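These are the structures in question, set out in turn.
Shared chain: subunit A. Partners: subunit B in the first complex, subunit C in the second.
And now, the complex of A and B:
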């Protein structure tokens, strides 16, 4: 099945590049360790044989479209990645006319690292309800039936702990954080040219790598993604010290779903919950 | 923050309603605890979550945001946005180990001096019971 996906992607990429519909196809190729996928930028139709698709293709390639503004580009997206496309389209960051979307019905991605390959699905796949791309021009694979709604069991488990325990838990995580900003660099929703963390006046987050500053960074980043996170969980995958960032993002996702019945990235003209309001809503605030 | 003086509460008050409400409490000679340090902002919608998180990071025990009642915003809709924003922020802070009680949003109009004093008195009492934050 997956070999067939690879062939279909190569054929489509070749056609697009030969016709001149796009000048670049962003996809996956085999990395230098011989089995894990890495992003590939294909500019020549002769090079399409480099493209692959398998269960190590976990990168969210939508992020790279932000560097391709104004240039016709094709991108390969899985279900979760396709929601990022809708997010960026609704926030007017990319132009639909310049993008050709090759959607892939995602078979799930496995845990992998450098020279380290397992058959274990990544945790994002456990809660994934978006194996089918929500937006595409060309679909690879047969659409599947999605599972029942997510029960957020991991968040509920975290909430059974006391406030002190949660405080201690996050403080410990913050002690590990080295503020490499890999989470931000991998995130399709983090595209601010001047990120608050690099502002010097006011200096919201100090330059020292200390738990307080790290906690501030992780709290605010989670908040900036509230109602915008599309659960691709790339932030957690790229984290070199394995901070469970999905807990923060999914806590916000559950809250947004509960209060506003909203899931990010489901349509390209969606209005995000924090840029609108209803006059008579009851949110347990100020009452 | 300091055991002697009780909890340190930072209050962001909107210029048009709540700050005037605090002023009203003052001119009416209504006493309220000095634990609150007031910062005047143009609108409760101006209060960036960064300000709140920064307060907690720098050692505040509690933060209060006060603005006009819904429908009364000087800029028509600022407090509607802040209501949504802080509903989410409160959940996130609680999840990260800062009790919900430590972050309050209240609507206080310019004529509600008594109400403002009552809110601050109760908030200070609650925070004294809850105790200082262990962290930072």
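And now, the complex of A and C:
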């Protein structure tokens, strides 16, 4: 099945580059361990043989479209990645006319790691209800029936802990954080020209790489992604010290789902609840 | 003759040291292995490949106060940071020890960095040879070896019934005073790191292909996080800022990286390395061109951390090979 996916992607990429529909195809190729996928940028039709697709194709390539503004580009998206496309389209960050979307019905992705030949699915695949891309120009694979709604069992389990236990847990995680910002750099929803964490006036977060500042960084980032996170969980995959960021992001996701019945990135003209005010909206404050 | 210390003797020696001094050793923290202070030998992981973060942190902390300033009698009183804690760094790998020795170049070059100098003086390093280098390791190609004892105070190499002990420096000798070592004719194994990366002549090659579009193509893939720099035992860039709280001001330095946007932005907003390609090239030119030009050694020790930690597989080993290839082609073209 996967070999067939690879062939279909190569054929389509070749056609798009030869016809001049796009300048570049962003896909996956085999990495330096000879096993795990890594992002690939194909500019010449002669190079399409580099492209692959398999269950190590973890990266959310949509992020790279932000570097390709104004340039016709094709991108390969899995289900979760396709929601990031919708997020960026609805937030007017990318131009639909310049993008050719090759959607892939996702078989699930395995635990990623250099030379790590794991066959264990990533945790993101446990809660995934979007194996089928929500937006595409060309689809690879047969759409599958999605599972029942997510029960957020991981979040519920976290909530059985006392406030003190949770505080201790996050303090420990904050000790590990080195503020390398890999989470932000991998995230398709993090595209601010000047991230709050690097602003000097006002200085929202101090410069120290220390628990207090690290907690502030991770918490505010989670708030900025509330109602915007599309659950690709790339932030958690790329974290060099394995901070379980999904516990923060999914806590916010569940809140937004409960309050507004809203999941980010499901359509390209979605009206996101936290950046919109409806005239008849109930504030729940002072009423 | 080889001097041997048994596993039990080693543990009781370390336990003795722990009573008087702080011992940092590789220990398990969640699913990571990190150098942390340990209070008992049981906490030490002896058979690890390499720690997730390098021990450079003990000499160049992720955050360190340079001095504090407080108003006093109409003037300002400055108090520099004094490092008074004696530290034993147990279980450092030869690649990481080489990383620290290499950083003496920039940090101890006049005017010397007093904090680095103090950390160096207060720390005794007990090295641990690698018995089985990991797949990402390439220390031999970078001028070291899995049993390289040249940058530690004491070197241990695992043998069947304990550890072979080599005393390298006076500091090491002092620490071993009174410890019973057994004489044995056992020859410690000589582990090898078989990965061969063509680093010879890299300075010339990278100079030749400096303007090659290779860098901007590679930068397509780079997401410009700081993971590589922060796991690296030889990256030493930092930022400095003042922090005032309740009338007391601290001048703080923290890790920074050339991959950050704005790292080279100057007053007026101009940034000489504004695009991704020049930023990425800087990382590799610093390690493979500028550092050897200034300080002699290559600025990479082959620990392989960046190879496995990079979220998008920017692999320095692959880059060294590519640079050699492109450098040779460019060289031919100009003849």
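Going forward, the second predicted complex is superposed on the first by the 277 of 287 C-alpha atoms of A that agree within 3 Å, B and C clash if a C-alpha of one lies under 4 Å from a C-alpha of the other, contacts with A are read in each partner's own complex, and residues count from 1 in each chain.
Following the convention adopted for this analysis, a residue touches a chain if its C-beta (ideal position, glycine included) is under 8 Å from a C-beta of that chain, and two chains touch if they have at least 3 such contacts.
Fair warning: this is a prediction, and the values are worked out from it, not measured in the lab.
K.L.:
Superpose on subunit A as described above, then tell me if subunit B and subunit C fit or clash.
P.N.:
fit
K.L.:
Could you say whether A:72 touches subunit B, subunit C, both of them, or neither, answering first, second, both or neither?
P.N.:
After superposition on chain A, A:72 lies in contact with neither partner.
K.L.:
Determine how wide the angle is at the CA centre of subunit A between the CA centres of subunit C and subunit B, giving a multiple of 10 degrees.
P.N.:
Once the two structures are overlaid, it is 90 degrees.
K.L.:
Applying the touch criterion given at the start, work out whether A:64 contacts subunit B, subunit C, both or neither, answering first, second, both or neither.
P.N.:
second
K.L.:
Would you sort A:182 into first (subunit B), second (subunit C), both or neither based on which partner it touches?
P.N.:
second
K.L.:
Could you tell me if A:108 is touching subunit B, subunit C, both of them or neither one (first, second, both, neither)?
P.N.:
It touches nothing on subunit B or subunit C.
K.L.:
Go through the superposed model and pick first if A:210 touches only subunit B, second if only subunit C, both, or neither.
P.N.:
Touch status of A:210: second partner only.
K.L.:
How far apart, in whole Å, are the nearest Cα atoms of subunit B and subunit C in the superposition?
P.N.:
Subunit B and subunit C, overlaid via chain A, are at closest 9 Å apart by C-alpha.
K.L.:
Could you tell me which stretches of subunit A are touched by subunit B in one complex and by subunit C in the other?
P.N.:
Comparing the two interfaces on subunit A, one with subunit B and one with subunit C, no residues are shared.
K.L.:
Please output the residues of subunit C touching subunit A within their complex, sorted ascending.
P.N.:
29-32, 52-53, 62-63, 135-136, 217, 220-221, 223-227, 229-231, 239, 241, 243, 252, 254-255, 257, 260, 262, 276, 307-313, 315, 317-318
K.L.:
Using the touch rule from the top, collect the residues of subunit B that touch subunit A in their complex.
P.N.:
Going by the criterion above, the answer is residues 49-50, 53-54, 57, 67, 70-71, 77, 79-81, 83-99, 105-107, 134-136.
K.L.:
Over in the complex, which subunit A residues touch subunit B? Could you list them?
P.N.:
Contacts found on subunit A: 155, 158-159, 163-171, 196, 204, 212-213, 215-216, 219-220, 222-223, 226-227, 247-248, 251-252, 255-256, 259-260, 273-275, 277-279, 281, 283-286.
K.L.:
Flag every residue of subunit A that touches subunit C in the complex, lowest number first.
P.N.:
Subunit A reaches subunit C through residues 31-33, 36, 38-41, 59, 63-64, 67, 113-115, 172, 176, 178-182, 184-186, 198, 206-210, 234, 237-238, 240-242.
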